[in-house]
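Note that chain A is present in both complexes that follow, paired respectively with chain B and with chain C.
Coming up: the complex of A and B.
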């Protein structure tokens, strides 16, 4: 389980997060939405050990990330917004490299299987990643999460900059991952995709988590209205 | 680890600057080796030509009084030192031979060009310049861009969250750079030895052992720089900032600190001028026994000799009193000279110790000192040579004085002459350079400091990366 407990994060005297608390149960997809500077990416960075909270705690399976990230690191996979990986290597080589440094030993066939599960077309496996689109690079990142058998996946703005076809493909992948029991915490600007992809949505504004809603209880238009009300007021 | 290091090697190979790096190194090596080799050959030619020439002149000189022969003089030549191809050290300034003559102890020239324990000369393009200054600058140029791929694409956060820490990433990059530099250093060392061997340079087993020690020191030195510049590149916001900071650090370590060290040493332990040094010696000698003198002090010596031999006239002595006086005069002037030389040496050694402390902050100073020590072209080797030359001068002058004392009589100065067999009996000068283990024994502080600096940087990587 992921748990944010009264997290406060100060950046040079300014509050990036203001007593944020929420829980994400196992296998759930939780999407944080909000304008730029709302604190979404800061939360992802706190759960992935890239930042430490000023007060409060980001916990994974009961372990405080700031205190003992290494205890849960093997369960975590993180895909940043502009993931490039190594451009001079192809998908298989990139996956092989990251698996081997994580002490994961797979054959080329097994690596190909992970790429296939991540939705990457086989014709691209031998192409250098410098020729990949953002969506394709993300799929390689997801393949690594699958290879790592990650239990928690953190995605920062995974759909920004993707074309509509790639966004739909990405939604499918999220659903597939969720079915396998992976808990996902992601950020997004896209309300419509979020309601499709996530089980819960957390609406953020100026470092505050305003409300957590169950996506089953809302239609697209209801969510949009709620969101706009928060943003205007 | 193997795969990530191979990947880092590919990244380095793909850097646009890498080809330029290799071309620059090879071009500089060709020029530096040519210059170093020519310098060595030039010194060797002078040594071979004049050492034999002067020995022949000595052996074949006309019969003459022993003391005239002592003033005819001799030369002490430094033997060929193939290691000087790798680091000529202070040889360019100290010369390769010394003229030796009765009553004239060889001067330790106290010109500004020689009064520093560091003897920094950055203008010469030779192999030590290539290995100690040029390649580090090229290492810097490679290091500043080493995190470019990771930083420009969020890859660094992907790696640090999903796989390994940035500390490990830095270490993997440092291993890759060390591998490349090791290949370059080993290759260039081997090529230099092979090429110079073909061109007639003799490499003894002991020289190759010294070169191995030098190579190892250079690799430790280059790894220190790799860690330092990678740490800067990791912490810098972007490649521009990394370049500016790294270049500033390079200028500080390679130009400013060495000059500060020289100035601090000269201020704390000033050396006398050449003139003052000579005058002090002359004053002390004038106050003592002069082999040619007829003053009160000399009379006291003559009286003591007469008393010891139970005679009342120098003509009744079994030996020539002139020979005894010259012997005593030489003995006294040597004591005076050795005392002043020892004082001077102590000042220079204090300068050197101070420079060693300052060199803790500059790996360049450390490797410069260590390299000159290993190549036996440092100040200690120069002292060693001058002391042996002075001992030889004392030996050959006193041999001649003894000959005069035992084989001639008083007032035979113009008639008593020695011949070729006597000249042949005076052995030629043979310089005994330090062995490699002596060098290591005397360079323990530099070795500890350079290893300490490496440990410090590894700790910094652990704490800051």
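Coming up: the complex of A and C.
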């Protein structure tokens, strides 16, 4: 389970996060939405050990990330917003390299399988990543999460800059990952896709988590209205 | 993990077009640099060999003239007579002295193109000839050369910079750093493995360049000497690898890194050495013009009184040559010799002063070089290949000693008015 307990994060005297608390249960997809600077990416960074909270705690399976990240690191996969990977290597080679750095050893067939599961078309496996679109590169990142057998996946703005077809494909992948029991915490600007992809949506503004919404309880338009009300007021 | 990282870094190295082009350029320039150094060395040794043959032929002619004796033609007989009179022969006989290059100087031309490597001298009026030669032949002064040391000193750091300027920053810019910091077991281990790869690849490239040099141009050079130069070059390259790593560790952008590294390269390769040279030139001015200005051609106006005054001055300095029985016919030639020696005496102290300044300058630059690895390696190359200022000073000192031996050889006979014979000529000092 992921748990944010009264997290405060100060950046040079400014509050990036202001007593943020929420829980994400196993197998859930939790999407943080909000304007730029709302604190979404900061939360992701706190859960992936890139930042430490000023006060409060980001916990994974009961372990505080700030204090004991190594205990849960093997369960975690993180895909940053602009993941370019190594352009001079192809998908299999990138995957092999990153698996190796994580002390994971797979055969080429196994690596191909992960790429297939991540939704990457086989014809692209041997092409260098310098020719890949952002969506294709993200699939390689997801293949890595599958190879790592990650239980928690953190995605920072995964759909920004993707074309509509890639966004739809990405939604499918998220659903499939969720079905396999992976817990996903992601950030997004796309309210409409979020309601389709996530089980819960957290609306953020100026470092505050304003409300956590169960997506099943709302229609697209209701959610949009709620969101706009928060943003205007 | 290490072997996988090595495998993919090697792929990066081979697939990166810019790196491949730079590598090819580095190899091509190295080949040209070695060829250039080799041509320079061959040119100097060939000129020296020709001059040695010329000197040897001249000496053999003297011997043959002595052996032929009375059977000589009238003209040859006149020359033969001159050879027997030391006070005349001293002006007829010329000697070539050489700053002999070592085969290893192919690597580093150093000061060999700045200073004259051969000179034709006479036993008297040494300094007038010595520095007249230099002043009339300064065409290659400070032009600089593309030799093997140039490749290692200046191009190798640039190649290392082009390989490593974005060693860490690229990962940050491509999102790989945060990806790996969260996902991998140890991001720093990954970086150190990559760094190890680059150290290996740089050493391998140096090995390739040195092997190219050794097998194509230096089969006869001492392996130990070559190994020493190789090891110094490895340490110099390691310095640049560490600098690149350190700059990357500042966690700035790739653009910042490349600008900063190129600035450092300019600083170490050009700015510090040129400022140091300027300071050295100001602190220890070396002006050979001073000698040529002060040491003039011997001029006597044909007055016996003047000849006697010159000889009087000479004998007061060299009483061992005093001859009470100087005939009027030899008075002029002895006075001429004496005047030449008196001006050489002045030249001796001027040259000693210049040599001292050269050594002080070299000492000063050596001290500064501890702050600048580029200067340090440049000095080391010059030391090991014997192409530095100290070697040139050593050559000048040997030249001075040789000249003194020659003078003694002729003066002994000139001032006693003894004839020089074949046996005596065969004891003539030789340039070593």
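Throughout what follows, the second predicted complex is superposed on the first by the 233 of 233 C-alpha atoms of A that agree within 3 Å, B and C clash if a C-alpha of one lies under 4 Å from a C-alpha of the other, contacts with A are read in each partner's own complex, and residues count from 1 in each chain.
Rule of thumb we're sticking to: contacts are C-beta pairs under 8 Å (C-beta built on N, C-alpha and C of every residue); 3 or more make two chains touch, one makes a residue touch a chain.
Being a predicted model, the structure only gives us computed values, none of them experimental.
Chemist: Based on the superposition on chain A, does the combination of chain B and chain C result in a clash or a fit?
Modeler: Verdict on chain A: clash between chain B and chain C.
Chemist: Looking at A:48 after the superposition, I want to know if it touches chain B, chain C, both of them or none. Which is it: first, second, both, neither?
Modeler: both
Chemist: Which partner does A:102 reach: the first (chain B), the second (chain C), both, or neither?
Modeler: In the superposition, A:102 touches chain B and chain C alike.
Chemist: Quick check for you: in the superposed arrangement, does A:232 touch first (chain B), second (chain C), both or neither?
Modeler: A:232 contacts neither chain B nor chain C.
Chemist: Could you tell me if A:123 is touching chain B, chain C, both of them or neither one (first, second, both, neither)?
Modeler: neither
Chemist: Just which bits of chain A does chain B share with chain C as contact spots?
Modeler: On chain A, the residues that contact chain B in one structure and chain C in the other are 48-50, 73, 76-89, 96-98, 100-102, 141, 144, 148, 154.
Chemist: Across the complex, what residues on chain B touch chain A?
Modeler: Going through chain B, the ones touching chain A are 1, 3-4, 7, 10-11, 14, 149, 152-155, 157-164.
Chemist: What residues of chain A sit close enough to touch chain B in their complex?
Modeler: Touch list, chain A to chain B: 48-50, 73, 76-89, 96-98, 100-102, 141, 144-145, 148, 154.
Chemist: Which stretch or stretches of chain C touch chain A in the complex?
Modeler: Of all residues in chain C, those touching chain A are 1, 4-5, 8, 11-12, 15-16, 173-176, 178-185, 189-190.
Chemist: State the interface residues of chain A toward chain C in the complex, per the touch definition above.
Modeler: Going by the criterion above, the answer is residues 45, 48-50, 73, 76-89, 93, 96-98, 100-103, 128, 141, 144, 148, 154.
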